[in-house]
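Look for subunit A in each of the two complexes below; its partner is subunit B in the first and subunit C in the second.
Let's turn to the complex of A and B:
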């Protein structure tokens, strides 16, 4: 890295500039096939980041993030097809509102409890949305909904790029550079202590959850318009959440760039498998194995490899202060 | 009226089988403090064992029950310490990591089974398959009655073990307060491995019964995991006695919704109930949860 400046802040700025320039000129240098893959990679990097807001920064695992991705997709599909035929940009805020409402309804009662209850509630919510959208007529049942096709790969590339960039900017500003982020991290590391400091933990958790859900819904909306056809399994399916979880764990829980690293890496593996074996159940087994291996051997993810020493020191201090953490708090 | 009675009886019988593995699930949670997503995976694995014992060896499906206990009990005994170590590790967020591990295990089981056996459904064949039993105006498949009897025997054995033996006492003490149990000389690590083995074995046995009543394919694991969660929330996480009541209730609710509203709405009804319970009484309807 001799080409880059030594000062870490300048170095990350230069790296960021390079990434933005590369991503900005990409649509004019590659063909549509690779552009679609790049669009998908951006979407997954953004989705992983949305999951990381709650999972990584607040320490609450959401096993139903696909519910919010799917809600965004379904609202857009529903409003853009007959009889409404609304314009695409109008449907995104509509999806965000619906998603935020659902997130409040799910989160308000369950986020007060141990993390396990929240994990159960979100997971069950996503499973039920699959059932619900399969059974109802207005969602098109198992067949799903088709959208008016718009064949402009560059548009979707830049839509995903913009959404992903905004997501990372928001995460950086809110969770790395503000009092709000400090509150979230404080409740993650020791909830009773955070409460004792006067933080309204229930409210902060709910805000984080709604933010995370709404972000996912935006990607869902763009995704629906991009693929022009959605059905319950394709947008609510558990595999979508599985992928987000693996991406964040692999990249590094609670880090800014971890989800991007994990997202691009796993999406790459996904496309490779798809190229050689097609759509296969074997991929689910690989996802499962990846989760198990990362939890056992790489609990801080790829990003954690770079700051392992710092993390260990922090753990030691925390252990001294808090003790071994017997059961009690989530 | 006949349909009503029939539905009620069917629901209670199914609820009895669900009770077997949800009681074990609660026990595992009480001791390990991990919500085990893999529970549905163990059920399905048991069902497949029941299928293959007939397909390969030509034996009756019920003979798979003891085999399931030994085989998956041993497997659970090997996995238990791993879960325990992650749950009690010194990483920043052990609860979250353990939850992720069990979720990964579940995904691995589901993906592995889908790869090996595909999406086709299989049946566990027993000597009683196809027979039915008439009790007054009500006719039920004999297999359901026998399965419920087996389930009751397994659950009864478990309760006897928990309440009449010293080791059962140690398990209950650990579930109540791990720290104090350790001070009384209970080896928590080894006990956790044993309990996870016991739980996996019992769940697989219930899986054989479930496979004999319904059919089995790798995707139904999700459904059984949802059942276990539903019962756990309704009873309060970790409450073993509550699980018995909640499982019977679940069986009845599911039967009535399937019969009177439609099978595709049963999960919807279960979830709505689950959510209302979380909203109104988060520690379970009996208010016994952790």
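Let's turn to the complex of A and C:
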């Protein structure tokens, strides 16, 4: 009996529709505790995807992505608190604009660097923002800023769901299905050759950097309103970027679904550890172990494993389910 | 430039007094050359004489210290590589510089991504057919054999619809069948109006394909002319072929 369509594209669409329906009805099937975990998983899946735009598709390892997450969070916190008191939806585009400007200013010079030099430059930018926001009064200094509470878990769940869905849709459309994506992947694989093909690599890198930064800022804005209090370490901290990096490496660098797989898997492990052992440093050890295992055994991440096997076991199973695959059976 | 057959009065590429020094190494030491429209010019010379550096200078990958480079009537010296490429100049690299993690088709589409995007898929399909790469169209570039990689790199230049293609040892170390495919493609493209400047060490290929030979040594052009004139030139024999006749 045919459970899924034979055409791989239709098969993907049906699977995607199932995921969307499950995520859509989830808030009415679980309690607030699990809903908060689902909200966090969506946030990390989205953040990992934002990091993957530059790190995975363009090959530029950014260790300062938390800077843009934090900028989105701080702009929302700043504009929602006194004396502005603006509505939350207004603060998101404001944060995107501020983040885009910062990304252009930082990206233009640093994207001339490659490898470790670029990674260090972006990490330094995030550190500068930690110091800056700790020292300034208008950011609340080291004590941080509180936001007006809005105790509606479903609202934040759907806000994160919407942001994550848009981030993945954007990534799919731009990096997997457009000539912009071809340019980005070309410069990742061989920058001088990409230039020789007429690709303005400096511009394409900057566009990708800004896109990656702006999407991270949206998650920062929602996060700030969700947790109702932020301080420099909680939104600019290096551990936020570290987690994005490990999630993408685990899931699959430069793949569409890798960041979602890695994000959900690692955040799930994080919450499980928290449930059973409380707030320990055990998660850091898990992160370190995950990096070592991925580098040694899964250089293309979980998504790469899936890619490799899908022509074998998975396709055989699915072909049996659907009756006849491509090429047809007698 | 001394003696021999000269290029057309309206060259597609002309280089005058081009200098590029890397520390004490004079990679280009006053290069003077021209490539005519629809011409296939061969560039020969001993290893390290500055042939590949000249390609990098002309294509904008390396900035010249001094000198003029005119492509299709425009001064392009000091212009960035992507701007020169958009004017219609394409090049290959001595060691194939492919987009390794992309498929063969994606490599071709990426090459066409900047410029004439409309019809890019059809051009990519035509190029696959021209270079007989259809059977590996969905393979990753890194999975190709050395010869297929050379073909693909050439194909990227073809799909760009360039008016001048710089080929850097495109047939070096490839199987005779692949070499035949490349030579046939060059001939066909020339009929369509494409000009070529070809770095090559294989004298048989140079003789069969090139209209004119340009000889370089120590960062400058020693002479240029028809193959028969070049092989009779004692200076060339001494500096390049190494056995005066």
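Definition applied: the second predicted complex is superposed on the first by the 305 of 330 C-alpha atoms of A that agree within 3 Å, B and C clash if a C-alpha of one lies under 4 Å from a C-alpha of the other, contacts with A are read in each partner's own complex, and residues count from 1 in each chain.
Convention: contacts are C-beta pairs under 8 Å (C-beta built on N, C-alpha and C of every residue); 3 or more make two chains touch, one makes a residue touch a chain.
Every value quoted in this text rests on a predicted model; they were computed, and no experiment measured them.
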Partner chain(s) touched by A:199 [first = subunit B, second = subunit C, both, neither]: second
Touched partner set for A:189, first subunit B, second subunit C, both or neither: both
Which of subunit B and subunit C A:104 touches, first, second, both or neither: neither
First, second, both or neither for A:179, with subunit B first and subunit C second: second
First (subunit B), second (subunit C), both or neither touched by A:17: neither
Partner contacting more residues of subunit A (subunit B vs subunit C): B
Common interface residues of subunit A - those touching subunit B in one complex and subunit C in the other: 188-189
Subunit A partner contacts - residues on subunit B that touch it in the complex: 33, 35, 37, 82, 86, 88-97, 99-101, 103-112, 114-115, 118, 178-179, 222, 226, 229-230, 232-233, 237, 262, 264-265, 267-268, 271, 274-275, 278-279, 282, 290
In the complex, subunit A residues that touch subunit C: 179, 182-183, 185-186, 188-190, 192-201, 254
Contact footprint of subunit A on subunit C as seen in their complex: 59-61, 80-82, 85-86, 90-91, 93, 97-102, 106, 109-111, 113-115, 117, 120, 156, 160
Subunit A residues touching subunit B - in the complex, by the definition given at the top: 55, 59-61, 63, 106, 109-110, 112-117, 119-121, 123-125, 127-128, 131-132, 134-135, 188-189, 238, 242, 245, 249, 253, 280-292, 295-296, 299-300, 311, 314-315, 318-319, 324-327, 330
